[in-house]
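In what follows, subunit A forms one complex with subunit B and a second complex with subunit C.
Now for the complex of A and B:
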């Protein structure tokens, strides 16, 4: 018995080490963003919000931020609103080619992102269209669609068909049933899907670097451009803001979803 | 009745249209374009010739990048496995009331921007990074060790990106194991280790293989860690695509490289799907 306990404590320590390894670099980014020195490196010499102040006065960074927020929100809304009906079709209906189509919609996860970036840009070039916000939006929709599909479908499987059948047998039309039965039950899944797609869009860089232009930038693309000169405290500060934003979103959402689940 | 059979297609049509028009058609076009001829001035010329592929396999330089990509991807898979299995097992076994918080912590890196996670290693491994700072100040070394711009640093970035995928896949598989099987084995006299070796480990293999596939495929498609943390000798095939398209604007050749990358990944996914079924991979991502 004693040997077993020591085995378990080894597992625990190993897990702890993996945690430390995973979070040390992220913590370093946050810490160094408060370093007032010109070169963002250890040791820390004091604590200041200097670099955050500089970010606020940098119009091109603010522009990228605004762009990222608009792009992420639109991507979330559009990707989720085409993913929800599709998930509904897969979970609630039987039809020919169902498995194949389901795989087709989710398989893009397996396509190398760099190829996706090239493909859409090439297509646009062939159509002789200039790069635009539309390109970013369309690209981000297909980029996030498989993930939204997976999340929404997984939640939808858990919703009992009987509720809908009851509504239908009581004389509700399919649309009424969707609006007053399926949709409310599904709203946590829709919300989760939108969040997921917003974050993926907000964070993506591999494909986005192909699609962005000087005037249509996102924050990660901007960071990539700044990195050309080497890492700076300004990058750490911008990174910290991104970290706080993308982490606090799912955490608060998770909190509210659990709160609503408990109340109802 | 007819209306009812039409309804799923109606529900599917927006997403199918989007995937076909924005994804399937452009990706097919990449393959077509890889046979075209590059013209130094203006438009590339539609053609069906294998010159771009000939160029790729003409000498050892380009194929060596392909081989390096496969090697680095395999190293990443192996390291993810070594670093990921035990934490996944810990989550499966633990009865701590902090389990939900610990799980959220593992998921957090998913939500943090890839570029930030990659560049964050500069703060740790750089000449004036954390490790050198500590080693210098305790007097273990006199001058900074150079730890950046080599394959080790690239692997750190890749692991940081992919480890959560591996942990999640293994955990989902472990979590699906019927715990009464292990109880039964123990009642029949198995030790904890034997029960793990004979039951838990084999039953977790679907998750392990799904994690390996995902990590391998995602490694092949990325150019950021080699670009930011690697040196000139650490480029992978995706870096080559990026350079040919963005820097030298050689579209037909860039498309040929993309097609080769697509074929490599396609072959692996196809083989995996034949023997394991691709749905295992999707199971963990939906949770």
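Now for the complex of A and C:
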């Protein structure tokens, strides 16, 4: 007798359903961002970049975008500038309290963002300072530093000490050794760390909601605000841009890490 | 007035190195004449690498002084020491071309571009690898990388060349060829060289002088023949390969020999030594290659020779030679290495073993 539905095909259709459930909303957002009508419904009646155009003429969204870009870039640069010497110290040198310090720098990964958000805000209150861009920047550095640290440290462990020792023995000073050997070998991880850091900063809502002011909004916080009024199709376009950025940047970072792992 | 030239170009004086509670090097003196190749030989963990790294400036001695060419260098930072270091895993810079790798040290020596090129190409020729300058290290084989590491170290004309087990990462047949090449090159350019190894064959075949170490303590130093034929103690004799030890009680000197008594009461003749008193416990050390063995049926006694009797327990071919383990009458075992006989000895064959007293050296226990 022929079985109508085998167990295997059940699993397959179940898997398919899970995927649809996960990705359908995202696909819908992307598709609807190209829908010319105000109230989107399927099937779409045409294809246009209308909402992308509107975005370009919405100064508050452009402002948020600019904020996000500046904030993300500065976060990436500063977090990496802290992470590189720290990783160097943690991997190459022995000192007291090393494990404790290392744990401390990685800890924000494990602390709920809400707690981080509130904590930093309370700290600011205690200092009697108003919310500002500096607060956002500081907060985002704290948020992203652990990830950059992990990436850079992992790479640093992989760079054999002998490379540096060889350079020193050949007459390069410690600084010249760092510049001509350690840094180039570390640079893919530095680059990857910056991309991760930028992406996390660019994408963060929870903690940023606590820190942002009316004039210092980031794109996700802006979207969150827009949703409270109405669901404008502009949000779909904005969302699509966010998706592209937050997927492509970590992929690029991953590519560099892998490429480097192969080379050495 | 001309100053007397110190024969030791590199000198370690009373060097101690501690890592926490571990004593890696314990009160070691070493003299290395200019232009010679000196091996530091010993088992893993005996402090060879640490001694080398202290000369390189990668570790600081806990106590003692190091001199190069009469100048104390303890406080000279590594990049000002002008030494060529070769690492076990070559440590070629993976992101730089072969040219840039070899030229690396010249960049910090104010060498003009033309001279740099000339010297790099000359060094590549010296290690017999011309034409690879545009490749990356990963595009070379292990043996080739080793040569580039060598070129990178000698192109700066270092005062001393330091090599830490440079051949151990190569496979067996390549190692032998590379060993000869290293040896020839060192002779050719005449650079003072320290060679770290745990392989006694490497040390014996390459060195002007061998320094045997154990647990951070210098056991013996001397020419390869000296340390091999006149090992200072049980450890050195054992480490340099295939010894047999026979515990004895020292008797007295007779003619050209020292009369000693084996544990089974038998009398033996050994090479004379002034270092032993009558009645003292000692050991005879005799190399496996020095023992002569034949079937018991062919036994005949020559004047002034030592004899032992036993039964072949085990044998294994090693190409042109055979390695035998013979169980003696007192159940102890002797190791004998001999050329392949016309009629090979089999397991359980009764044999006699002849020992020339000249090959039976006494050492302290």
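The rule is short, and it goes like this: the second predicted complex is superposed on the first by the 222 of 264 C-alpha atoms of A that agree within 3 Å, B and C clash if a C-alpha of one lies under 4 Å from a C-alpha of the other, contacts with A are read in each partner's own complex, and residues count from 1 in each chain.
Convention: a residue touches a chain if its C-beta (ideal position, glycine included) is under 8 Å from a C-beta of that chain, and two chains touch if they have at least 3 such contacts.
As the structure is a computational prediction, the values presented were derived from the model and not from experiment.
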When subunit B and subunit C are modelled together on subunit A, clash or fit: fit
Considering only touches as defined above, state whether A:49 meets subunit B (first), subunit C (second), both or neither. neither
Of the two partner chains, subunit B (first) and subunit C (second), which one does A:115 touch, if any: first, second, both, or neither? first
Could you look at A:255 and tell me whether it touches subunit B, subunit C, both or neither (first, second, both, neither)? neither
For A:183, decide between first (touching subunit B), second (touching subunit C), both and neither. neither
Contacts of A:160 with subunit B and subunit C, given as first, second, both or neither: second
Look at A:123 in the shared chain and tell me whether it touches subunit B only, subunit C only, both, or neither; answer first, second, both or neither. first
Which partner reaches more residues of subunit A (counting touched residues only), subunit B or subunit C: B
Once both structures are overlaid on their shared chain, how near does any Cα of subunit B get to a Cα of subunit C? Whole angstrom is fine. 8
Per the definitions at the top, what is the overlap between the subunit A residues touching subunit B and those touching subunit C? 174
Would you mind writing out the residues of subunit B in touch with subunit A in their complex? 5, 7-12, 14-16, 18-19, 22-23, 25-27, 29-30, 33, 83-84, 86-87, 89-90, 93, 104-106, 108-109, 111-117, 119-124, 126, 128-130, 133, 137, 160, 163, 192-193, 217, 220-224, 228, 238, 241-242, 245-246, 251, 254-255, 258, 261-262, 265, 269, 278, 281-282, 285-287
With touch defined as at the start, can you tell me which subunit A residues reach subunit C in the complex? 160, 162-163, 165-174, 176-177, 180-181, 184-185, 263-264
Residues of subunit A touching subunit B in the complex: 4, 7-8, 11-12, 14-15, 18-19, 21-26, 28-29, 32, 39-43, 81-83, 85-86, 88-89, 92-93, 95, 101, 103-116, 118-123, 125-126, 138-139, 141-142, 145, 147, 149-151, 153-154, 174, 199, 202-206, 209-210, 219-220, 223-224, 227, 231, 235-236, 239, 242-243, 246-247, 249-251, 254
Residue ranges of subunit C in contact with subunit A within the complex: 56-58, 78-85, 87, 89, 91-95, 104-105, 107-109, 138, 152-153, 156
